[in-house]
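What follows is a set of structures for review.
First chain A sits with chain B, and in the next complex the same chain sits with chain C.
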Partner chain A sequence: MQTVGRTRTHFLIRAWTAFVVLAIYLPIACGALAGLSKGRYFSFPIRIFSTEWWGKTWDSFEIHVLVQNSVLIALIVTVLSVLFAFFGALAFARYPWKGRRAFQRLLLLPIFFPQPVLGLALLLWFNALGISPSWKTAVVAHLVWIVPVVTLVIAIQVFSFDPVLEEAASDLGASRLFTLRTVTLPILWPGIWSGALFAFLLSWGNFPLSLYTAGADSTIPKWLYSKMVAGYTPMVPALGTMSTLTAAALLLGGGLVRVLLKRRSELRAREG
Partner chain B sequence: MAENSLSAPAPKLSPGLRASLPVLVLLVAGFLAPLVTVAAYAFATPKSFDVFRSFTLQNFAAIFDANNTVWTSFVWALALAFACVAILLVVCYPIAFGLNKVFGKWSGLVSVLFVFPLFVSENVRLYGWVLFFIKNGVLDGALKWLGFPGGPDLLYTPGITLFGMVYVYLPFMLFPMTLGIAMIPRDLVDAARDLGASRLMIWREVELPLAMPGILIGALLTFVLAAGAVAEAKILGGQSVITITQDIEVAFTYAQNWPMGSALALILVLIVSGLALTAMSRLDLDKILGKR
Partner chain C sequence: MSSVAASPASDSLVAQKSPRPVLQLVDVRKVFDGFAAVDGISLDIEEGEFVTIVGPSGSGKTTLLRMLAGLESPSEGYITLRGELINDVPSNRRPTCLVFQSLALFPHMTVGDNIEFPLRVRKMAPEERRKRALELMAKVRLPEDYYSKNVMLCSGGEKQRVALARAFAYDPDVLFFDEPLSALDYKLKKLLEKELKDLHRESGKTFVYITHSLEEAMVMSDRIGVMRAGKVVQIGTPEQIYTTPADRFVAEFFGEVNIVPIRRADGGWLRRDGKPVAVPSSLDIAGDEASVVIRPEYMRFVTEEAGADNTLTGTIFNEYSLGSRLQYQVRSRTGRTFLIEVPRAAAWKGDGEVTIGWDAGNAIVVGG
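Coming up: the complex of A and B.
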């Protein structure tokens, strides 16, 4: 009887999860449909499908600038946040030091903080410093939120890392830098890679921070929002879908690389 | 908190403190300093920009004035956030349980399906729901096509705002909760069952208390984020509900009254961080994130 009840519960859990997953992707699918319909205004069922709006979006100069801004911001944020977060994760998870618990809590605060309010607070701060907002200030804003996230992602990997390995290397006479390069980094690569992927994708899709801190420079999410509020064109869902597909492709490619990295580090661990 | 660790007498910095320095500098310059600026602006002369040069309580007096209706925005924001957390607890628990105990080798893929939407900006996803619910949209059009009179008018209501929040913040509840449920040792559940405990009893006496840290983090995170939400009310809710963040934003933009916006933001931050810090002080992060 126990097992019958259990199978039924498991079936219900599977069905509920499938339903929620479908609901999560439904609006994304609606956007994709709207971007592929021919008319200026969206109506369902779609009478004529066309790639007209995709073409227009692809060719638009304005959109090219947006994409450049978004890519530039995301790339810089990725590099910087991995650098910050690598050391942050060691402080978070590797070393037993006095201020560690306080540091762990401070690190969580920007995540536990409404992003629109953070964006506005940064706007005030930049203004008080006499810095006029641009894509560069947006990079700083993204970092404040993304570095803590990436630190957590890498910290999870650091937690599974045995410090004895590092100590053994240094006992055997390896220098600090050599230990870092040959012991620490290879083991942490999967976590660092995931962190980098998170950093890029979170920056790519970020809207509230860019809205307030990018000044006159626009990013894809910011432009989409301005058009949603005033002046819908089918370019909005078309560009939204393109942006989503880009993120999906990156996640897929990044995931594959991560699997390879993990396999390699496991292989190396077994050999060593 | 940062000052604590910095002011510690340390002739030679410990490796931990040294490693934490870049992040500490970033958080002090990019998080604490902006908050201090907001606090300073909150006490500046209304509708001025003379921060750090004036001190007045006029902004707070205006907020707590009996004729000011801004408190309704606070009530809306907090009520919506509370409802959002309550709904998400129920929606996510079965999924989090499934990710740990039911899906087996598929749980990685299912997790990725839930992570991915985080990388699509919320306005794009919310706008997808607009296209779904709008007149002649996907729901309305499909129902008409099937011969029904058409879809219900759900868009631009407080209910749809709440729906949008539940939708956007789902992953923030799901993943901490999943980590929490992962902390339940299987032997303990088996032992309870062998001793004759009923399923409900196992859940209430064993599983729930052990998973509580994760659930609490999820609830806290979603509450804080939802309390500061604005896009849902604007895009889906059509401003049928004005949340406090929207009032803050209006004060900062159209009204050009930064001191008033700062005072409102300060009150929101105090409510939210008070909650966050009390709950966080009870948690052991090492354990939750998997330190052995």
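Coming up: the complex of A and C.
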């Protein structure tokens, strides 16, 4: 009886898992297929396969500029938001002070603000201040929305950090800087990494804020959207697939580097 | 401590016999938001001593220790280390080390890295660090292959040993302990208490230990200080504290005791039920109210053959076996509960009605 029940449970778990994985990856696969179609228009089933649009996308100067813009914005946003968020998270998750709860809420409020409204509001501000919108103003806009998210992510890690560890380090003779370098930061790394990853992805994929605040500079989501609305070409799914594949390659590469580093340090430890 | 007040003529002699205390506290107070957690403590701790501060939670013992370790600074008073004022010297500049209650091991490091941490701070060369860490691991009885083990995968007792080795790696003059054994099971705790005592003797370092457990304090310490509400109410050898508690609080804190409140009446003392009480002849109590403190093992059953200086009657309502000894709870006619402990051979065989008693010489009388 029990084994039958268990087998059935296992089957259900597997079926559900397969369904979820399929639901996640099927749309991506469709996009990838659409980019490999020779036809100019999006239609299934695909009659003739070709890498023509991939080649065009790869060679397009316009796309190069787009990717450059998106990467630049995302990198700057990542660095700045991690910096702000790290200290912000420390401020309310690590040190007790009057008003820290109010500070925490105030800081997290922008997350709940609808992004198109936020984008428009920022654009109005930039205009009022006489700043013409460009990719730089988009960075500022992204930060307004992304810093709170990253703060939240890092704060989760900081909340679980035991401040006694810093006291212990100091008690063993370490200076504040040494403690930060050898104790606090290494323990908070997972949170900082996830925060950075979130920042990059949120900025990379952000459309509503970029739409209003990037001005004449275009980003990948902005371009994809404009091409979907008017002037569709299979370069749209091709570019989408390329960025997915790049992300996958980066993740796998990162994982591989980690495994290699771990092996090397283990080897060194064994050799002593 | 008393030798400090010797006459000037014998000063040099005294200095040789009793070196200056390692740690000296003068009227130390620590106030948090108007609440004095530590309320005027003066204490001398001698070189190589094992001093334990006991007290219930909230008595200020942890705050006291944190001030000694440099994690808090006193609001008032002085703390000196080998004669130097250290009130505001931060913890990383003090030759002292604290073993935290939570142990505060660095979770992202191996056992070896944890122990080497203070050596890394001092920029010792890696090979030398490793050698020293392995020496210390042997000293605290950690197997050598634990060196590269993740510290979070160690058991409770092993973590204790790592924390101890790390503290020794710092090579402090004084080691502080904040109830590090409180989370362990009884057997392991007993074992580690003895090992700690051995380490104390071998290292010759000064240990200051705080705990709320009388047992722990008794096993390990040269001297015990009892804290209550931010003050040290008594300090002395375990023997002194046990046999001559300064007041009712100390007596009650040090295990199960029977308390009989008494009052002065025409040259003698009377119990609440009006019967006179035989007290030790050398009694020196200032007020008119006092308490007789009798440990359960000094109470006994009174029979016609074996009488006692003081007796009372009551009924047995509970019996506990302690192995070789038995404990009975007796409710007296006035409704007070007494605890009496006898060898198993002297078990009570009659019915519930009993007369119990104690001899004046076995009781302690404290004021209040």
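Just so we're on the same page, the second predicted complex is superposed on the first by the 217 of 272 C-alpha atoms of A that agree within 3 Å, B and C clash if a C-alpha of one lies under 4 Å from a C-alpha of the other, contacts with A are read in each partner's own complex, and residues count from 1 in each chain.
Definition applied: contacts are C-beta pairs under 8 Å (C-beta built on N, C-alpha and C of every residue); 3 or more make two chains touch, one makes a residue touch a chain.
Values in this document were obtained by computation on a predicted structure and should not be read as measured data.
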So, does A:37 touch the first partner chain B, the second partner chain C, both, or neither?
neither
Considering only the touch criterion stated at the top, classify A:213 as touching first (chain B), second (chain C), both, or neither.
neither
Based on the superposed arrangement, let me know which partner A:70 touches: chain B (first), chain C (second), both, or neither?
neither
Name the contact category of A:137: first (chain B only), second (chain C only), both, or neither.
neither
First, second, both or neither for A:121, with chain B first and chain C second
first
Given the touch rule stated above, what does A:165 touch, chain B (first), chain C (second), both, or neither?
second
Using the touch definition from the top, say if A:57 reaches chain B (first), chain C (second), both or neither.
neither
Chain A residues touched by each partner, larger count belonging to chain B or chain C
B
By the touch definition at the top of the document, which applies to A:17: first (chain B), second (chain C), both, or neither?
first
The chain C residues in contact with chain A across the complex are 69-71, 90-92, 96-98, 100, 102, 104, 106-108, 117-118, 120-122, 130, 148, 166-167, 170
Mind listing the chain B positions that touch chain A in their complex?
1-2, 4-5, 8, 14-17, 19-24, 26-27, 30-31, 33-35, 37-38, 41, 51-52, 91, 94-95, 97-98, 102-103, 110, 112-114, 116-132, 134, 136-138, 140-142, 145, 167, 170, 199, 220-221, 224-225, 227-231, 234-235, 245, 248-249, 252, 258, 261-262, 265, 268-269, 272-273, 276-277, 280-281, 285-286, 289-292
Touching residues of chain A toward chain C in the complex: what are they?
162, 164-165, 167-175, 178, 182-183, 186-187, 269, 272
Chain B touches which residues of chain A in the complex?
5, 10, 12-14, 16-17, 20-21, 23-31, 33-34, 42-45, 83-85, 87-88, 90-118, 120-125, 128, 140-141, 143-144, 147-148, 151-152, 155-156, 159-160, 201-202, 204-208, 212, 220-221, 224-225, 228-229, 236-237, 240, 243-244, 247-248, 251, 255
